[in-house]
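The next part holds the structures, each set out as structure tokens.
Two complexes follow with chain A in common, the first pairing it with chain B and the second with chain C.
Presenting the complex of A and B:
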């Protein structure tokens, strides 16, 4: 269920090929992966190839940040992360609310797809961060521009993966199923809610998962505009003060951890909500 | 799709627990206060700080997202000129002669002839700026350098004191505030100094400045020997920072050319966005000398042990706290419960604001 876990074709077809190595269980390899990463890190430090704190020192700082917080900001790491996470969740929910209906329409109605596509095609390659200055202009009179700018940047980041996967999901729905339903007298609405949507949900979920991932990446950079102390600015601020490499690594680890948790949480939801996948 | 369900379940549960823990700790509000920032009895005395790069402060103030900001010129004057706020206090009201921008040299740059030449050009430029006869010219240079209109620049210039060397005692006071605020990760002994006194003797290296100033005082037309024509000297500065006007004046008034520093041949100028970037450039030996803020210079000198020395000052003071004019904020006490933007923890502006707040029994907290 990891990021790169693809189901092999033979499994899809219901065959379970007994492969060598399977006996040990993949979780051993996962554990081994982490151990070798830490070992490599430790070696880099031991041989003074990089001026980093050792994994152990970092772990101490990390735990201290989680439990006692950073005396410089009087905040614990979870508090700092939460401030970023809130924005990502808000932005991604807005993305879902807009991108999914739009994607369904675009996937189902051809002329509409062409109509919207012409606009979006040019917007898509624009990196979310390039929107920051313009977003400031757009939200200049909106009360809390910094927060809205951050939400907007994450929104842009999350929007396209969700939209594209929704369109993909709709267009991948088996035409025979649609035709069959139509011949048996299903209304357009029934086709949409009972054939198209269920058929495309796995793909939509995939889009949401990727969208949250991209959004989470965007927030870190979007926070450089300032505002409430989130994890991105925490790292930047620690860097500005200097000599706080362990804190910086702890922040980076927190970002990775939250990203992983988010990914798995959405997979978990998907398993619950789309059991027919 | 799933194998080893037991392990996965455990993982999943632990992941959910982590999420729950995070949400809870994020939502459960205030915990007991920790060290580093003074304990107070009640929460009425809080002033909220947000960290923001100064250009964004202007937008945030306009949108009323913040109630005020503390930054260097010309940001304060720009906001006031746009009608978005007023000055509550300026640097000298709180902390006279507080350090600001300096001219620093990398310790690995050993060419004392060039250091002398550059420092000379700098001092000449500072004297040019401070000469009342040059007011008109300085104003034009300042407007060109920052790209702001002359009206703003002339107001802003009034709040900046250009100096030839920073006040040592004020630098030490800044250092003490860093130590108190737990901003120093290393102590001066970690980077090879016996104590704070010895550190400042090495860090604030005024011997070059003193000998040049001496000679200039005796003969205003004295100039050091030119640098050799085959060197490639690299100097860094902050983009359009009014505090660093001397570098622009030195170039425009021909002081650099007078000592053989010709842009494009023997002299290469590099611009940076902030002092942290300048210090990184020092670290990777991308520049030989640079203008930068005293704060990043001190912080990174100690915390990251980036070996530089301050050979001259550029300015003291030159910052101020701008507040919205519609809130009835007339004294520092009125800042209670308000949100103020600062350029960053550990900056001179942050130290200045903290000093002002503490004097009135208020306590800053990062929002």
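Presenting the complex of A and C:
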């Protein structure tokens, strides 16, 4: 059919404008930022404005903790971090499994949204950490109360960002897509799972990313209060022992690194799972 | 007798959008609806499709109210209505699945309908990799695939450049003359209406109603610069502006 001879659209994938000069400038300032931070730290120490180990001393301790571990705890820094991370991953997965289906239903079924919303509006303003004492009471007779309490607190922290972004994502689904599906004879279930869910996936991923971030904050705080494991416990007990400032800073750096890597990893997953964006 | 509208009335809140609208469209007719924006053209299409329930009057498609479940209607939207998370092929499959077509026929139906719109090589492309005109072709193939009785088109070419639009108009006429589907085509472009339609329904607004129905018997293929074409266009414009 000659009428339909057509030139293909340019493939939009490879179209990033190259601006080499700008790019160099930005990475230059990024490097400068880190150097000036370390320099400031060093000056504070050199002039004895703060009783801290120097960046160099801290780096030595940090590397030693990573490779040989801390003799007081008989664990390396990655091992300590992992025991916290394990809790966060478990708790956040539970959050996703509950918050995403709940959010999709709330976004799609109006009476259900009102029903659940009234309940959640009461619970949402409560800081996740405020649940810790009550959680210890609830899980007192469970096998591993500390672990369950920590999972519960992280779960609460991650739950609301994921739920709210799922509801938001559903409400932002293109109305035309829903109408198109319905005129094609799609059932309610098909519209929900094949239109609403993928349509809101970018927003859901955003919620998951924020949820993991909040969860990571919650685990550190939860470990201050109880337990004998994890990075929060490590920096708090290092403080209690006294004089272990380099260890505390190393722990804090590890918390920051893991948080960043987690964020990047979820962004990477989103790119893979939402390729149409 | 394909489609009958009797006394269709609709309102959003307090604003009356359509008032007491009667219309009859025979099977196989290419009918264009023109009118100023805000006269309820899109609302009318959605009522015919069964997406909106009118507050008054009735719509009959072959003596029964249209139902979304039966897939009697192919709706082509103005905006990009392809599902961006599906490839071209999967987009068409969605309709076939919803209509419970036999799985073994899917591939043949997809191939056949993509060939119809000249995009058979683009099966595995995502919508974002296609141009605006190609997307609308896929949208047309997607509804043709499940063989609806009635094609409703809501300014499907409005966002295309004029060269692409003319091309798609010619192709649509080509398609219609072979398949003889009933088409209701909403547009605010009078040139487009005169080029495509056998019958032009001219709507007025506040509230939306039918002002006049004009039959167009210009021979096909129609020539946009032909003097009869221009005369028809002028007379429709005069009715709209009156």
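We adopt the following convention: the second predicted complex is superposed on the first by the 252 of 277 C-alpha atoms of A that agree within 3 Å, B and C clash if a C-alpha of one lies under 4 Å from a C-alpha of the other, contacts with A are read in each partner's own complex, and residues count from 1 in each chain.
Heads up, the rule we're going with is that contacts are C-beta pairs under 8 Å (C-beta built on N, C-alpha and C of every residue); 3 or more make two chains touch, one makes a residue touch a chain.
What you see is a predicted model, and the numbers here were worked out from it, not measured in a lab.
Touching more residues of chain A than its counterpart among chain B and chain C is B. Looking at the shared chain after the overlay, A:190 reaches chain C, while chain B stays out of its contact range. In the superposition on chain A, contact is made by A:265 with chain B only, not with chain C.
In the superposition on chain A, contact of A:177 is made with chain C only, not with chain B. Of the two partner chains placed around the shared chain by superposition, neither chain B nor chain C is touched by A:46. Legend: residue contacts after superposition of the two complexes on their common chain; A:233 is shown touching chain B, with no touch to chain C. Using the contact criterion defined above for the overlaid structures, shared-chain residue A:81 touches chain B, although it does not reach chain C. In the three-chain superposition model, chain A touches both chain B and chain C at residues 1, 11. Chain A contributes residues 1, 7, 11, 25-27, 68-69, 71-76, 78-79, 81-83, 85-86, 136, 139-147, 224-229, 233, 237, 239-244, 257-258, 261, 264-265, 268 to its touches with chain B in the complex. Interface residues of chain C, counted against chain A in their complex, comprise 46, 49-51, 68-71, 73-75, 77, 79-81, 83-85, 94-95, 97-99, 115-119, 122, 126-131, 133-134, 137, 142-143, 146, 152, 167, 170-171, 174.
Contact residues on chain A toward chain C in their complex (touch as defined above): 1, 3-6, 8-9, 11-13, 176-177, 179-187, 190, 194-195, 198-199, 201, 274-277. Interface residues of chain B facing chain A in the complex, by the touch rule stated above, are 1-4, 7-8, 11-12, 15-16, 18-19, 21-23, 25-27, 31, 33-37, 50-53, 56-57, 59-60, 62-65, 181-186, 274, 276, 279, 296, 299-300, 302-304, 341, 344-346, 365-367.
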